[in-house]
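The next block holds one structure in the form of structure tokens; read it before the comments.
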């Protein structure tokens, strides 16, 4: 198990290194001079040059990359050009919106998807199954930003149950949760639909396995066999999807953060790209990639917990 | 006959037909604006109403179908054309360094949140339909590469592949002659699904202004334009929303239906 | 009730009004946290602020300002002539990153006479100097607090900065030792909502008390009809123009530029892009300015003439050019409408939507464009036409002479004449397509009073704002 | 009173009739075997007794088990009965166990489902039963940590932990090799005696049937065509199908005599290592030696057999001979030419060798027609025949294996298993190779089909001088179809010699145990005389 984890760790580090090069390379070629943008149309060339020097933009690319990576290794993400505050502080503010939102949405989608998927699989072909599968088809097809628009229209503007957007901060956790509820629903439902479908089909796959027949021959009822034997085995593909979804939720919140006007990571990326605050963009993208890779790593470890066959593999 | 397949095919074909028809005819010309006639609700003159520039929404939907389909088809095409050969190569050289490199490369792409990459790409090259295609296409590559490799690996263990190797055929030739045809069904099914995801992705990119540029019609941009109008002219948001929903639904149903028909494992169960 | 939540569209990137071009910095801080020697009032007039009065030498080059006594910065230190000298010297220094360094270009010397009197010498008379000092970029800052001005601004205004939740809001609190009249509000929260849908929802759900610069004009009728709200529509200094690259063929031919001007139907653009909000203009000048001349008849909507002019210029079959649009909706929506109108006379446009950073690089700096739409929001900025390197590349010695004369003239009547002349020249030359003066809409709770209606500069001045009852 | 009595059981699945009027009785302590061809309804009968028929099954008749009629009993009552009164063991030990549960927990589960005992008590009973079935490893292992035979013991323990009155075993040993099979059968026999259980044993292997069963029921196309006491039935077969079945099982082919000829294929000191998982984080990958210093030869026209347990390296050797995988040591030469030149297989040599695989279903690309399938080896020729010549070659190859030229245009799914194996042989013959490797080429076939294919091979030997290497775990087949046999154990050839000699007087202890473990049919020559 430990060896397995270590092996995955090495490839994780390599991935991170490659990712950092790719990110830096892509972001550095984004056209639009950050200094010129910050100073606006009335700025004089010497002012712009002064600012470029202040931001370190006059140094060669490799040197800047090296400094960026070295800084990150020490936990220093640099200082935002526009906000003039440490990027780490900026990110940590935003992450307390994006992360809870992603987790909230993930919990919601799991809470919806698991029972729905299991129910549908256990009653395959029944009216309930058909209804649930129909609903998931719709859920998969619905664009989440459109869904979000409609949620706002109904629950914020018409019914006024929730605030329409913005985030009051965690001073009052209840209010904070409330303001994340509509966005979390908008994010979670389409994901829940996907998850429910995967859950159902992987359960159905399991139902056809020989060991399910063995379980029935032991005297387990259909339902017992499903819960005791199929669910845990079916969890492996489901875990993969959950891992992918978490990454998606964290960054894919971008559009939803836009609709609900949440000050999360997604919006930070958006803002800093249009403000050409490249150092922030680089760091946020790197952080997201890091999270995804880390989540995949966690998922891999979770596999090993679920499936003993993987534990001894290096 | 399979219900999913029929509903899916009908929905998909309707939109494809709309898109095709739009080359020849649309109820109104969407390039001329008629601002006095803006935001008319659905009615006799305009079946689905007009937008904030007084354009006929039905015509916009037809033209938008064209954009959506074109973007999605090309993006999936890119994904397949690059991903499938990569997957075949990785499977043929399974366990080698090349295989490892291809698969790690795939993982890396998967590690990038797709929307973020799309935003970066459009930030570098500017917003346009072509760049939307590239951005979506890039994310289709690892999907097809993984799927291909995953499906090809067990095939390589099959005896008929051994037989072909005994006959001295090269790995490339075996991949083309034996592996590819046997995973084609899978590719078609996955292609349909990726196609529907492509439609959604195009809509999302256009919604945040990174997709096709005006005057090209796009469902996502129609939604973006309509977002402030929801409360005064709900049809401007509902119509494109439902267009996306129905098209994606149709494709998904079609994909499911095709899977049921084409997947040999399920076919064995049926007969 | 003595607190208020005001929403504006854009969040300030940092809180240093002297170090960046972002208007949002001024929106939050101007007159609320920072003050200059002079300031704009609600109608755009220049009135005394920290400088209580001043004298100008005969030749118009030496200004002597008397500074209000008992002024303290929010950190408790006193504000005196030394701070004024420090602030202005800092803004005009060689390594300064002040975005409007040009405002201070004529200053040759700043002398502190007494702690409450400062004397500024110019190299030549400048009729705009008091106006220049009113800009947000010319506010008075203290050397003690300059180091973290970007995140912790310390000024002399009636409100002091308390908190900034990046991405969401900035909170200001009343400064008890303010030297002037005490404002009615105890705290003010600025929230930043750029998305039109979210803006609409936030106001409708009463999450905010006022929205200054409401981004979606199409939603205004709903607020007007709702007794909970009042809608204030005011004017801004934003001349929205279809800028034309005067050096790029075929636009170097005046007939082509005229054709473009005639092909554009302003009213359709105002209705279609702004839902009726905005005043048509025929030249680059704010209609509410006393010296404005109505030059609309110079460029009526006349597609037939436009076609004829094109034919005359040798483009009977039209031509293709680029139309590069920055993010605001006046540009994006207006661009679609203009593209359709130009297509009607045979000019095909390739629309490219750009972010501001790209726009500045491609259009403004590299002049790589045919047409663009942008609102020039600086007050009294007709002077840009005198700069042949300015992005639309208009090079007219006649106009440049007028501007030179204007700068040297301090006599109001003479200035007025020259401004009329200037407006007429650029209109006759069809330098750009003049579309409309941008309007600003403020949606507020019905019982809120004292908000600025107009936007002579980007500012949400809260000093006079209060709740009725 | 009998423990189980099946009366007039008929069954349709959907619209397809599967069983017709099946009758069957089992008494306590009795072993009843059902035998018959694949698809004859053996498994369905068993599932009917368990009440585990597929969803669309419509059974008719009576299945009385311990006094209750299964077909009339509601599901909850059946659940109480399964695992308790009746247990079942399935064919595939690899997939019959839940991979994510320990074996102890899986056995204990049977107890926990039926009895209100503590988890610890159930675990204890499970451990005891695992010991009883002869499992020497602890109950906290996971299935993937066990060998096939061990897993089958776990499945048996699971089925009998509550001492059911009836145990149904559906092909319990088919997936195992002979020595393991012998041990499992011994175990079942012991358990029956010890617990006084009834055992319903389903198998297509007549030798096994004859060995262990008290009674035999022979099924064909959903009917029981003949049933009776084992000894009596073997002695007095009435039904032609039963006779045909037994004849085919003991089928002997007549090989033409082999004369001494020069060496064709020669392998010397072959080493073959498979890389295994890395040792440690960055350590060098380990390796597993699948062929350890193997030397052998095959002469022109000689028929050589290769036998050995599953996993001993038979297929690995095949692959090395065919030049599919490089070897790590030693040499393989065909008529003096190396199979491998440098890193690449030698085409000139490959042309002289062909192969026939075990699984007739996966040996062909389902998307190609027969003509394309069998001409694939033409790829080895420098100037492959085209047009008329090609057609003629196809027709001849098909004719040689007893198919018609018209079959060339069909797809592979249109053929039965036996026909497919003929096509596989046609494919091997089309380039007229010197040597054919048969890797378990008849193991997946029904006995009657197997007999036909063996005859075909003998016929081909008569028609032309053909050398082959015949790999099989079925000793009786190897015995009749080869001149010389090699016995392989754990990557080494432990014994080789003339077939009859090795079978009658095995020298090596391993060979002896192998031959002892193989079940044999009693001499039936008198019974199979034509009527």
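Per-chain residue numbering starts at 1, and chain names A, B, C and D are given in the order in which the chains are listed.
Simple rule for what comes next: a contact is a pair of C-beta atoms (placed from the backbone, for glycine too) under 8 Å apart; a residue touches a chain by one contact, two chains touch by 3 or more.
Keep in mind that this is a model prediction, so the values were computed, not measured.
A.B. asks: Applying the document's contact definition, name the chain pair with more C-beta pairs in contact, A-B or B-D.
C.D. replies: Contact tally favours A-B.
A.B. asks: Taking each chain's centre as the mean of its CA atoms, how far is chain A from chain B in angstrom?
C.D. replies: Chain centres of chain A and chain B, defined by C-alpha means, are spaced 22 Å apart.
A.B. asks: Which integer distance in Å separates the CA centroid of chain C from that of chain D?
C.D. replies: 87
A.B. asks: Report the inter-chain centroid distance for chain A and chain D in whole angstrom, where each centroid is the mean of the CA atoms.
C.D. replies: Measuring from centre to centre gives 50 Å for this pair.
A.B. asks: Can you list every residue of chain A that touches 2 or more other chains, as numbers and ranges?
C.D. replies: Within chain A, the residues that touch at least two other chains are 31, 149, 157, 258, 273.
A.B. asks: Identify all positions of chain B at which a residue touches two or more other chains, and write them in rising order.
C.D. replies: 123, 227, 230-231
A.B. asks: Could you list which residues of chain C touch at least two other chains?
C.D. replies: 195, 197, 200, 204, 327, 355, 358
A.B. asks: What are all the chain pairs that meet the touch criterion?
C.D. replies: The set of touching chain pairs is A-B, A-C, A-D, B-C, B-D.
A.B. asks: In their shared complex, at which residues does chain C touch chain A?
C.D. replies: Residue positions touching the partner: 11, 13-14, 16, 20-22, 94-102, 150-151, 165-168, 191, 193-195, 197-198, 200-202, 204-205, 207, 327, 355-358, 360-362, 364-365, 378, 391.
A.B. asks: If we count contacts the way the header does, which residues on chain D are in touch with chain B in the complex?
C.D. replies: 319, 322, 324, 345, 347, 350-351, 353-355, 357-359, 362-367, 376-380, 424, 427
A.B. asks: Applying the document's contact rule, which stretches of chain D touch chain A when the two form their complex?
C.D. replies: Its residues touching chain A are 50, 52, 75-76, 79-84, 87-88, 90, 92, 95-101, 109-110, 113-114, 142, 144, 155, 158-159, 277-278, 280-282.
A.B. asks: Along chain B, where are the residues that touch chain A in the complex?
C.D. replies: Checking each residue of chain B against chain A gives 104, 107-108, 110-116, 119-121, 123-124, 196, 200, 203-204, 207-208, 220, 223, 227, 230-231, 237, 241, 244-246, 248-249, 252-253.
A.B. asks: Chain C touches which residues of chain B in the complex?
C.D. replies: Answer in residue numbers: 31-33, 35-36, 38, 52-54, 123, 126-128, 209, 213-215, 225, 227-232.
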